[in-house]
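Each of the next two complexes has chain A plus one other chain: chain B in the first, chain C in the second.
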Partner chain A sequence: MKYVIKKIGTMIFTLCVVCFLIFGAFSLIPGDPALSRLGTQATESSLNALREQMGLNRPFLVRFADWFVHALAGDFGTSYSYNMPVSDMILDKVPITITLTLLAFVLIVLVSIPLSIYSVMHENGPVDRGILILNQILMAVPPFFSGMLITFFFGIVLKWFVPGGFVSYKKSFSGFLGYMLFPAIAVALPKIAMTVKLFRKSLLQEKKKEYVRTAYSKGNDSRGVLYGHMMKNALIPVITFLGMVLTDMIAGSIIIEQVFNIPGLGRILMTSISNRDYPVVEAIVLCIAVLVIVVNFLVDVLYHVIDPRMRTE
Partner chain B sequence: MKKRCLKPLFLTAVLFSLTIALTGCSGDKASDSSSEITIGLAQDIEDSLDPHKAVAAGTKEILFNLYEGLVKPDADGNLIDAVASAHEVSEDGKTYTFTLRDGVKFHDGSLVTADDVKYSIDRCADTGNGDPLVSAFSNIESVNVLDESTIEVNLKEADTEFLAYMTTAIIPASNETPDTNPIGTGPYKYVSRSPQEEIVLERFDEYWGTPANIANITLKVIADPDSIAMNLNGGAIDMFMRITTGQMNELSDEFEIYEGTMNLVQALYLNNDFEPFQDVRVRRALCYAVDKQEIFDILSDGKGSELGSSVFPSFGKYYMEELNSVYTKDTKKAKELLAEAGYENGFTFSVAVPSNYQPHVDTAQILAQQFKEIGVTANINLIEWDSWLSDVYTNREFEATVIGVDASSLTARALLERFQSDASNNFINFKSDAYDTAITNALATADDDEKTRYYKECETILADEAANVYIQDLPEFVALNKKYAGYEFYPLYVQDFSKLYVVEE
Partner chain C sequence: MQKKKKRHSFNFILGAVLTGLIAVMLLIGIFAMPYAPDAMNKSLKFAGISPAHLMGCDNFGRDIFSRVLQGLKMTLGIAAGTVCIGTFFGMVIGAFTGYFGGWLDEVLMRINDAVFAFPSILLALVMVSLFGTGKWNVMLALGIAFIPSFARIVRSEFLYQKNLDYVKSARLMGAGHLRIMFVHILPNTLPVLISSIMIGFNNAVLAEAGMSYLGIGVQPPDASLGRMLSEAQTYLFSTPTYAMFPGLVLIVMILGFSLLADEM
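This part shows the complex of A and B:
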C-alpha cells in the first residue's frame, strides 16, 4: 500500500514536470500563433490585437500559471485553429488511439505467447525454424511499409476494407473496429516478432535451470513443467517488454495513423504543432504522458503480483 | 490441455474480426437512394468557419458553398447578383445601391434583412481590432438602410472596382458563434465537423437559386499524399482536387480528369533589397537563365500556362500574353548581364520554400539546376509554412522564394497593388517610381479603358524590371469518379460543389 502511494506521488510530480517542459518548449521554438492564424492578411495592428486577445503578450510564468490552474480544473482552453474546446476535441480522438493500441496489443499477446510456447515445445522443428526466419523479416519491416502492403493486399486486392475509408466509432462501432483491425495488424507485426523472439529465448533459458529438472523428477510431464513452473519465471522480461511496447504504441501511433488515414491523437498533434495551436499540443502531450505513466505504473504493480521477491524490497 | 484451447480461441478471434470487417464495408454502400459524394481534402480546415475571419485559401474555397455576398462570381468570372437582386453604381463611383432579393433565407430558416446586410458590412469594416477584416472596406464612409430591401454603401473615394468586394459574405446578425456554427445563404449548409477527419455538408433546400444537385457532401481529410490514389481507387473518396500527374497515372479508368488552372502567379520571388538583386541586370540574368518549358515537362507532363508578369490568363482583358516572351532562355546573354553587374564568377543565394507545397519545392529544384548553367548557385532551404509566413512574408528576411500568389477578388488591383513601394504586403521590396505612378493612376480613374491601360503599364514594368522570375499559372487537375459529373473551374480559388451531379446509369 505504501508502495502504491509512493508511486502515485512520483506520478504526479512527473506530470507537473512534463507540463512545465511542454509549456517551456513552446516558448522557445520559433513561430507565432497569432501570425499563423492571420496568415498573409496579417498586419502589425491586427497581430497585436489578436495576441492580446489570446493572452500571448503576458509573461511566460503568468501564462503557465494561468494554464496550469485551468488545466487542473479540466479546462484546457480553446483551440486556436478550430475554435472549439480542446477537451472536446481530444475526448473525441482518445478512443480512436486507445482502440488502435489495445487492438494491436491484444493481437500481440494472442499471437506471440502461443506461438512462442509452440516453438519451444518443438524446438528445432520445422515450425520453430520457420518462425525464426519469419521473425527476422517481420522485425525488419517498419509498420508504415507493412501498412502499405496490408492496404494493397487486403484493401485493393481482396477488398476486405476500403483503403482510407475510416469509419467513425460514433457512426458504426463494428465498422470502426473492422477498419482499425488492419492498422492494428500493421502495428502489431514487428512487435509480435520481437515478443516471440524474447519469450522463446526466455523459455529456453528457464528450461536449462535446475528447478526444471526437479519439477520433472517430481513426476510432472513437460506440459505441467511448462505451465506450472517455467511460465511465471519466463514471463517477467516479457511483461517488461510488453509494457514498453504499449507505451511506445500510444506515443508512436502517428505514423500508422497517417498511412491508414486515421484521425487519431497523433494526427491532431502533428497538425497542431505546425499550426502553433499550443493549447491542443499541450493537452495532447499531457494526455499521452498520463497514459504512458499509467501503463508504467500498472506494469510495476504487475511485477509485484507475479514475483513475490519484489514485494520485500 | 490448455494449449489446445488457445488455438481455436485465436482462430475465433480472427474470424470474428474479419466478419466485422466485412459487414463494416457493405454497410456503407447501402444508402444509394439519397445522393451523396465524398470529396478528399489534402488539408483540414484548420481555421475559423467565420467567413469574415477565415484566412486560409483552403477554407475560403469550401466556405464558398456556404456563404454568399450581395454579389458573387460565376464560373466565367462575372459578378452576378446573389443576396441582392439588383445593384446600381452612381456616376461618380462613390455610391453603391443594392436591392435585396425577395425571400432569401439563411440556413436557420430566417429571412435576410437589410439589417443583416448592414451588420455584415459594418463588421468587416470595423477597425476596433486594428485593421478592418476586409482591407478594402477602409474606404467605406457609411452603410445606410434606405428601406427594408434597399441598402446603400457610400465610399470615401471613388472606386469603380468596389463591387468585387461586395462578394463579402452576408451573415445573420443573430448568430453569436459564427466561428463554429456557420450560417449563410449558400446552396449548402453546414452539418458537422470532426478535426482531421471530416466536414459534413447538406443541401439547403430553401436556397433562393438553382438548388444543388447532390444532397450530402462529406469532405474527408486525407493527410497522406501517397495514399490519395489508393483512396480514390478503393472508393473511400470520389473526388480529389489538385492531384499531381504522378497520382493521376495511378488512377483506374473509373476516373475522369478535369483540367484547369490554379489561378495564381507562381514565380521565384526575389527580395529586391538583397545585395545582388538590387541590380536589375542580375534579376534579368536570372530570367534569361530559366527554361520554363523544362519546368512544365518535369512538373506536370508539359502542362502549365506560362507567365511573364503578375497577372494570369483568367483575368481576361488585363492579361498580357506578349509579356511571356520578354525573356527566353539565353545563357550567353545571362552571363553577359552578370558580368556587367560585376558577378562574372556568379554568386550564391538561398531560396526559401514552404516544404508542404510540393510543386513549389520541385520548381525550386529545377530552377537551381538551371541557374548552375550561368554559374549562380541557389541553395534550397525548406521551411515550415509558419516560418515562411513570419520570416519571408511578414519580416521579409529572405533572399528568394518560390510561391504562388493568388487574387482575393477578380480585380487586377488584387494582384498588382502589392508592388507599390510602400504597400504593406510588398514582401519583395519592389521599388519603382514609374510603377507607383501607374498604379495610383489606375486606382484613381473611373474610366474602364484608361484603368486597363494603366494596369497593363504596371504589368509591363514588372516584366521589364524583372521584379521576379515569373514562371507559370500551375495547371490544376481534378479527379472525379465517373459516377459523377459537372465539375466546373472558377477563375478564383473557390470550389463550387452545387454543380456536381450523379450520372444516371
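This part shows the complex of A and C:
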C-alpha cells in the first residue's frame, strides 16, 4: 500500500513535469498566435486587444499556472483555427483512439500467449519453426503498410469491410467495432510477433532452471509444470513489455487512423499540426501523455503484485 | 588440425543477402539512376511492369523503380542522420552521467525517464509541430527523440565499467577524467553500442517512413518510401503494384537489418 502511494506521488510529479515541458515547448515557438488569427493586415491596437483577451501579455509562469489549473478542470482553451473549445473537439474522439488501442491489445494477448505456449511445448517442431519465420517477417512490416495490405485483401478483394467507411460508435456500436477490428489487426501484428518472440524465449529460459526439474520430479506432468510453476516467472518480462507496447500503440494509432480514415485523435492532431493550432496540439499531446503515464503506473503496480521479490526491497 | 571454421547461421546469411540487395539498390540509385525520379510522362500514366519500367509507372507517369531508389536514398540518409544525432548526444550524456553520477546524473536521468516513457513518434510529432515540417526537421526531431534510449544504454555501461580495474590503473597512471571516459571506457562500450545502433537504425527507418507517410516528413517532389506509400494508397484499388513495391523494399530493408542485428 505504501508502495502504491509512493508511486502515485511520482506519477503526479511526472505529470506536472510533463505539463510544464509541453507548455514551455509551445511557448518557445516563434510566431504570434494573435497575428496569425487576425492576419497581417490587422492594426496594432486590435492585435493588442486580442493579445490581452487571449492572455498572451502576461508573464510565462502566470500563463502556465493559469493553463495548468484550467487543464486540470478539463478546459484546454479555444482552438485558434476552429474558434471552439478544444475539449469539445477532442472529447468524443478519445473513445475512438482508446477502443482501437484496447482492441489491438486484447488481440495481442489472446493470440501471442497461446501461440508462444504451443510453440514452447512443441519446440523445434514444424509449427514452432513456422512461427519463428513468420515472426521475423511480421516484425519487419511497418504497421501502416500492413494496414494497406489488410485494406487490399479484406477490403478490396474479399470485401469484408468498406475501406474508408468508418462507422461512428454513436450510430452503431457493433458496426464501429467491426470496422475497428481491421486497423486493430494492423496495429497488433508486429507487436504480436515481438511478444511471441519474447515470451517464447522467456519460457525456454525458465525451462532450463532447477525448480522446473524439481517440479517434474515431484510428479507434475508437463502441463502442471508449465501452468503451475513456469508461467508466473516467465510472464514477468512480458508484462513489462506489454506495458511498453500499450503506450507505444496509443501513439502508433495516430498513423493507423490515417491509413483507415478514422476520425480519432490522430486525425485532429495532424490537421492541428499543419494549421499550427497549438492549444489543440497541446491538449492532445497532454491526453496521450496522461494515458501513457497512467499505463506505466499500472504496470509498476502490477509488477509489484506479481513478483514478491519486489516487495521485500 | 583445426578444421572448425566459424559457421554463420542461416539467419545471418539471409540478413546479409537482403542487406546486400538494398546496398546494390542504393548504389544503382547513386550512380546509375535509370530515369530522373521526377520526370513526368503523361503517356505512361499507370504503365504496367515492363523491361523498361521494372515496377511500372505512377499517376504522373513517373518511373516507380527510379522513385523507389530515390526514396531509399532519402530514407537511409534520414535514418543515418537520426542515428548519428541520437548516438552522439546520447553517448555524451550517458558518459558524463554514468561516469560522474551525482546531482547532474539525478536530474538528467529524471528528465530522461520522463522523455523515455513517451513513444518516440509522439515526441517527434511534437517537435515537428514546433520546428515545422521537412526532411531536415524530421531528422532533427527523430534524432532528439532517440537520445534518451542511447543515453540510457551508454550510462549503464559506464556505470559498470568505471569500477573495473583497468580504469583504476589508468587513473593511477595519471590519466584525466576526459581521457579515461573517451579513450579508455568508450571503446569498451562499443559491442553494446553497435547492436543498439543497428536496432536504432531500424527504428529510425520505421519512424521516418511513418512520418513521411503522415505527410510531415519529406515534402514533394522529393520521393521517400513512406510518402510514396501514402500517395499509392489512393490507387490501391486500380494499381496495387504502386503500393506493393515501396512497401516490399521497406520490408526487405528492415528484415535484412534486424536479422543482421540479431546475430551481432
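Quick notes
Throughout what follows, the second predicted complex is superposed on the first by the 282 of 313 C-alpha atoms of A that agree within 3 Å, B and C clash if a C-alpha of one lies under 4 Å from a C-alpha of the other, contacts with A are read in each partner's own complex, and residues count from 1 in each chain.
Quick note on the criterion: a contact is a pair of C-beta atoms (placed from the backbone, for glycine too) under 8 Å apart; a residue touches a chain by one contact, two chains touch by 3 or more.
What you see is a predicted model, and the numbers here were worked out from it, not measured in a lab.
Of the two partner chains, chain C is the only one that A:I288 touches; chain B does not reach it.
In the superposition on chain A, A:T43 makes contact with chain B only, not with chain C. Once chain A of one complex is fitted onto chain A of the other, the partner contacts of A:P142 are limited to chain C, with no touch recorded for chain B. Residue contacts after overlaying the shared chain place A:R276 against chain B and chain C alike. After overlaying the two complexes on the shared chain, residue contacts for A:M84 are found with chain B alone; chain C is out of touch. Legend: residue contacts after superposition of the two complexes on their common chain; A:V259 is shown touching both chain B and chain C. Of the two partner chains placed around the shared chain by superposition, chain B is the only one that A:V167 touches, whereas chain C remains out of contact. Of the two partner chains placed by the overlay, chain B and chain C both lie in contact with A:T151.
Contacts of chain A with chain B, set against its contacts with chain C after fitting on chain A, overlap at residues 148, 151-152, 156, 163, 258-259, 274, 276.
Across the complex, chain B is touched by residues 30-32, 35-50, 53, 79, 81-84, 89, 92-93, 106, 110-111, 114, 117-118, 121, 148, 151-152, 155-156, 159-168, 172, 174-179, 181-182, 223, 227, 258-259, 261, 263, 267-268, 271, 274-277 of chain A. By the touch criterion given at the top, residues 14, 17-18, 21-22, 25-26, 28-29, 136-137, 139-142, 144-145, 148-149, 151-152, 156, 163, 247-248, 250-252, 254-255, 258-259, 269-270, 272-274, 276, 278, 281, 285, 288-289, 292-293, 296 of chain A touch chain C in their complex. Against chain A, the residues of chain C that register as touching in their complex are 11, 110-111, 113-114, 117-119, 121-122, 125-126, 128-130, 133, 206, 209-210, 213-216, 226, 229-230, 232-233, 236-237, 240, 243, 247, 250-251, 254-255, 258-259. Those residues of chain B lying in contact with chain A across their complex are 1-3, 6-7, 9-10, 13, 17-18, 20-25, 27-28, 44, 46-49, 55-56, 129-131, 135, 179-180, 194-198, 220-224, 226-227, 230-231, 233-237, 356, 384-387, 389-390, 393-394, 424-425.
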